[in-house]
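A, B, C, D and E label the chains in the order they appear, each numbered from 1.
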């Protein structure tokens, strides 16, 4: 492989990534509309291009060419800055996300005879490998993503505040409260993964799932008897964490059923009520970028990254392998995005108190219990399969407990009071 | 338990009894004054016992070969030290107490050595014995004088009086520098409340505060000085000590060593020590000068004396002022002797001499009898300070005696003013006249006391003033300076006669003139029995001490002698000449003891032929107590 | 350009200095608090740089604790400022002058802050009527 | 990229250098530029209609007259969330380094054998305090939404 | 890395902090269950039991000293033990004192915060590591912020809380910046290592970084001990904050500040080590100036006050100055010739104990005499207290006399030790020696100045008639606490030996080169 200047490689990766992500996002909008239409037994966009395939381009153009209204009452600097901040931070989070083949940086070499030679060999091998991430080898990879995910609040808050509109403000407040609340289950649920793998580096996490799981006798036996190779995606051991992470991810990117900040029906768009033209486009784009990032992270952390039951290793050709890995990972990502559309049309939007209760009263305790389980398993050297059982028990236990204490949606245990007449018939409110 | 041990317990009681009384008395409400009187008499009885036994013991000590010629033996030797287990065997030589209040060293100190411990170290020696007696004696007339005049919360009043007495007696008895300071400061609190709460006019609060702050400011500097003395005079092994006798010995030894070096040609150590002593002298004197008070620091006095109720004024003048002079005697002279020689007469003496004349003139100009007596007190105290800083045998003995005498006469004068206060609520000279005919008995008593204060021969002040004058004229401190001071002091006596007689004339001899009665129920007649006891007994004491001072002088002889030798040595050091022991106690009369320490110049011989003086003195004391309730005979 | 320890120290000192100056000069409580936090960040940079320089983790550990404590302080600050705002509708430190030395006059600004003028709320055109464009708008269209 | 190795008690590891972060910096510059330039471009693009009217520039509140300023008072709960987030997020901050170090395969294994139990107990205590704080907040009614 | 010493050190550390852990655990329990039951007496009792438990644990558990001092984050030296007892006792007393102003809605938080703050003080004295020190200080500060506005009833309370909070945060930042330079110079956060290596490595060439660092640290601790250029918040905060909290605020930060300063400067322990200062002049001189300024300014400004609490605030500033004398003495000890009898630190400890008794007591009396509707603010509000509340007034008098430093009160014992220390602080250069003596004289004059304003309060209490009808306060525990403190003040005034012996045991005078003194040479 020709050795390229690292800067050139970086430049290529950046251009490729931004272009790719923007493209994917564009077509995600189309996909969303198509899926929505399919679910509602409609046709969906079908005028621009064959089957509406050029619709995203048309949308982009329109965003650009529409009248730009900057209302009088806004805080101009922040109003203009907000979309830039939002989209900038959203994109920035992608810096460490692997979107294809990666090779983890080797561990420190244990001191001993020949250590220096081993070290040099490892370093050489590592430097020759190509990583499909803008900044590979960052030890704090996942932490970086979380950090930038938190920064996303700034875009929302700035937009909501500077718009000087009550809907915007409410949207921004809700949004920040929501993002901030779900940040905690997000971070806690994924702690189990780090404990199992022992690294925050996404490349190492993928590598662990693609072939490691060493040191676990039960798993080794199981893998041998099933002859599936050491291909243990973390979702197998952390199904509950996977669910929590996924849900938190949706909340972070304000996807339905967590889209209270926008809630078109109540807040007419929430924090971007007052935006128009491309600034609105950027705001919308931001959410899709978040979705993409989130999906990538789920794929990397729980679904084995670029590994797919050995499929990535069918060819010994370097380039073919790389392309395969890229395709596998991207298709996992796309699949997750599509899954998000299904979720959108399956689960109705939460009320705000339900939303917050879900985060603080359900997800955090569950994540904590899961974390405890992982700690005990690792501390006492039990098999990771124990975790699967624990997760399942926790999940159903929580469900049963929740049903017993507060009832189900159709059969709530809380007292439901009828408000005095004057309201539309049949409208009921949950009493406090 | 030997008699000695019993007396040492009594010495402890001397301090504790007033403290207990202070707690007990307020609880009695309206009958508090009777209880207070009883307790004061009880204390007087204890004091009488101590004084009789200790006086005899101390007089006995004069025959005891105590000074061995070692300059390090020039230190006070307290007797009857409470807590001194060695003393229970009866000899009580070292007088080392075992009651440590505050230890500054982690190392345990062997018995008999003085580690850096602050100790509860009380004791009796010739210098404080008579002052303690004075303090005990004075309280009875104070209570009697306040009998009618203090109607507002008398229990608390008497309680504070007892605290004040405890403080004063404690300071007199202390042989630990910090303990001395503690008692010294303790007197401030009762004085503050006594003046501030029971004072005459609405200016009492300011007077109380002024008094408190002045004396506190001074005495804090004294504390600094005390600590400086302690720390600059460690013993041979480097440990510091707070015990006055030990400290005194350390000072003498250290100074003597430096002196020998200076005589050998290396004067740097001595110069350094002199410089240190100068600062320490200033610091120490700061508190005492305020307390005495000496001229520029006397400004708190008129308001405090003027505002305080009569009884408290008595205590302030008779006892509190003595704390200052006693402090000079106990701390300044022995601990910074060279500075006392160098700066005592020229500087402090100068102030004092100026103060004598100044206060006399103030007294002359005062319109109020209370202030006349107050200023006369300042004037006499200046004399006392001069006598102290003469720093020779006559001066010291005279001063030590004068403390008692001045206390008696001034206290009695203030007490007799209480007579007028009870009746008229004023002591303004201009409002009185011709009282001779109105109150003849009172007039006689007052005359006697006034004359005693002036120093009429045959009355107590004469003796001590003459001795002090003799000290000032002494050949060992030659020069125009002390002569001039002596002349000024003599002038002071003359002036005192002048203003006292002026006052007497105005009050007693002109046509009868008296102000409004204070209250309809105020006593109208001549001296009542209570009042007669109050200042009649004091007048009697004045007379007795004027006629028979020798027992007092005998008891303090040994200590005065030590102190005067300290002074001689210091004088020699300042003048840069070798120190030669001048023993004027008939050296030829007794054989020389063997010379134990060849580096010292002369062995010292003891005098003290007077024996058996204790009996007469005891009798005098018993009479002085005025109640005849003598303690169990100790002899 | 190699980045040495001194570059980090300079940045840290600058942050610290800016924070200090800001703390001393600003009047808004929140700004002041944020300036104090900025000082803490300067300290954190110092620690991290030194940790790298010495090759041990002590400094990094210290930074974690600094962050934790800073978070606690921020929590308390937020609570305090909210309650302050509720009581006196202002976060201006110059309003906090009730406690001062006896007889000291209130510290006043030479040119006091101009409070923004409340503009009257705009109103929509009544339903049914056509909005009347202003002359300016007519000219523009 | 030549990387000088560092000898640590655990073995040899590559020296830290900022080079690994250069791509992030470049990328950050690109992202920020992207955002800013997009806003600037749409703002400055000349060929688009610009017809501001007074009503168009009012706050949009679903066709109603806006009442009062948007700088209004809002529920203190939002502050509480902010405070809680601070505390809990910092809690996570402490857990992350531990999670990486505690059971990872790299690094100094002897240290782990010696201090593993202590660390386990410590993290349990840490989580216990976390739970206490969580329970406190819950009992204080912080998680009650209206 | 399997050094057994290291293992012993790191595992043994927990035992060193068992009482503090007990305190914090109690606090956690109180916090947690406090939201379930709002019972003042219940949480009061539980907190008392917690303190007692901590005391028992501290007395019973014999924690081995760490083998490897250069790695130990905590050290169990004498000073630490002394301060631990001091903080436990003062928490115990403060629980009683604060009864008067805690209401049932926030009782558990109040008591919990108090316990945590006490644990913080205790840990400050124990800290042997910059991290631990910082955390312990924050453990003290953060509950204090909460306490300051927890019972906040009015605008002044809030203002006081805001002022204290902001300045405290800033001082923390200053301190941390200093710490970061100390760490940078030595590569360790361990105080033993820092003091050691700075002394040895940089003895000849003074690194300006160390200078900057230590000056910042001294400035930051100056905030806590209200040393003079950093004292300005004290009067405002003391005036505005609730009295019970002020009692804590006047004492805990001072203890923490002094002990921490001594620890960072390496003045604790039997062999004194130093930061790279010329200990003959520089460091003592710096502290000297600080001490003198603090005393003089504190006293001078206290004279002008009409508000009791402001007056006490300035008095606490002045007392900080007196205590700084102790540090001056201690910092000059490495050059000591011979072995002085007072080491400075022991004097500071004694003074701190005495100061704690008298200042907490004074605020307890003020709190007891302040019903919620008519708090005692101006000095005149105390007029006639001698008749209206004879016992409380007597206690207040004891405290004020002790603050003056009159004999037979604990304040005197403290001052005496400081004076003795100032005179015995030996130094090679005569200039410094004279300066020490000048310092003692300044302190003496300042005490006299201080007497003026304390006496004013006593005068108002006893020599004036009451301006208002006596109020009936029902805060019996507060009253009991003030009685106990007055008793303690008197007892330790009459017989200070126990506390002095304890302090000396806690901070033994460092052994210096036993040079014979000049006086001995002369002989």
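Here is the rule we use: a contact is a pair of C-beta atoms (placed from the backbone, for glycine too) under 8 Å apart; a residue touches a chain by one contact, two chains touch by 3 or more.
Everything numeric here is computed off the predicted structure, so don't read it as measured data.
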Target chain C, source chain B, minimum contact steps: 2
Connected chain clusters in the absence of chain D: A | B, C, E
Mutual neighbours - chains that touch chain B and chain D alike: E
Pair sharing more residue contacts (C-beta pairs) when D-E is set against A-D: A-D
Per-chain Cα centre nearest the global Cα centre, belonging to chain: E
Chain whose Cα centroid lies at the greatest distance from that of chain C: B
Chain A and chain D, separation of their C-alpha mean positions in angstrom: 14
Chain C-chain E separation of Cα centroids, rounded to whole Å: 33
Rounded Å distance, chain C centre to chain D centre (Cα mean): 19
Centroid distance [mean C-alpha coordinates] between chain B and chain A, Å: 94
Of all residues in chain C, the ones touching two or more other chains: 72, 79
For chain D, residues that touch 2 or more chains besides their own: 8, 51-52, 58, 66, 69, 82, 89
Residues of chain B whose C-beta touches two or more other chains: none
Inter-chain touch pairs (all): A-D, B-E, C-D, C-E, D-E
Contacting residues of chain E [partner chain D, same complex]: 1-2, 7, 10-11, 28, 31-32, 35-36
Chain B-facing residues of chain E, complex: 338, 341-342, 401, 404-408, 412-413, 416-417, 419-420, 423-424, 437, 440-441, 444-445, 447-448, 451-452, 455-456, 458-459, 462-463, 494-497, 500-501, 504-505, 508-509, 516-517, 519-520, 522-523
Contacting residues of chain E [partner chain C, same complex]: 130-131, 134-135, 138, 142, 145-146, 149, 152, 155-156, 158-163, 165-166, 169-170, 172-174, 176-177, 179-181, 183-184, 187-189, 235-237, 239-240, 301, 304-307, 310
In the complex, chain D residues that touch chain C: 6, 8, 16, 18, 51-55, 58, 63-69, 76, 79, 82-83, 86-87, 89-90, 93-94, 97
Contact set on chain C toward chain E in their complex: 9, 12, 16, 19-20, 23, 29, 32-33, 36, 39-40, 42-43, 46-47, 49-50, 53-54, 56, 58-59, 61-62, 65-66, 69, 72-73, 76-77, 79-81, 83-84, 87-88, 93, 96, 98-102
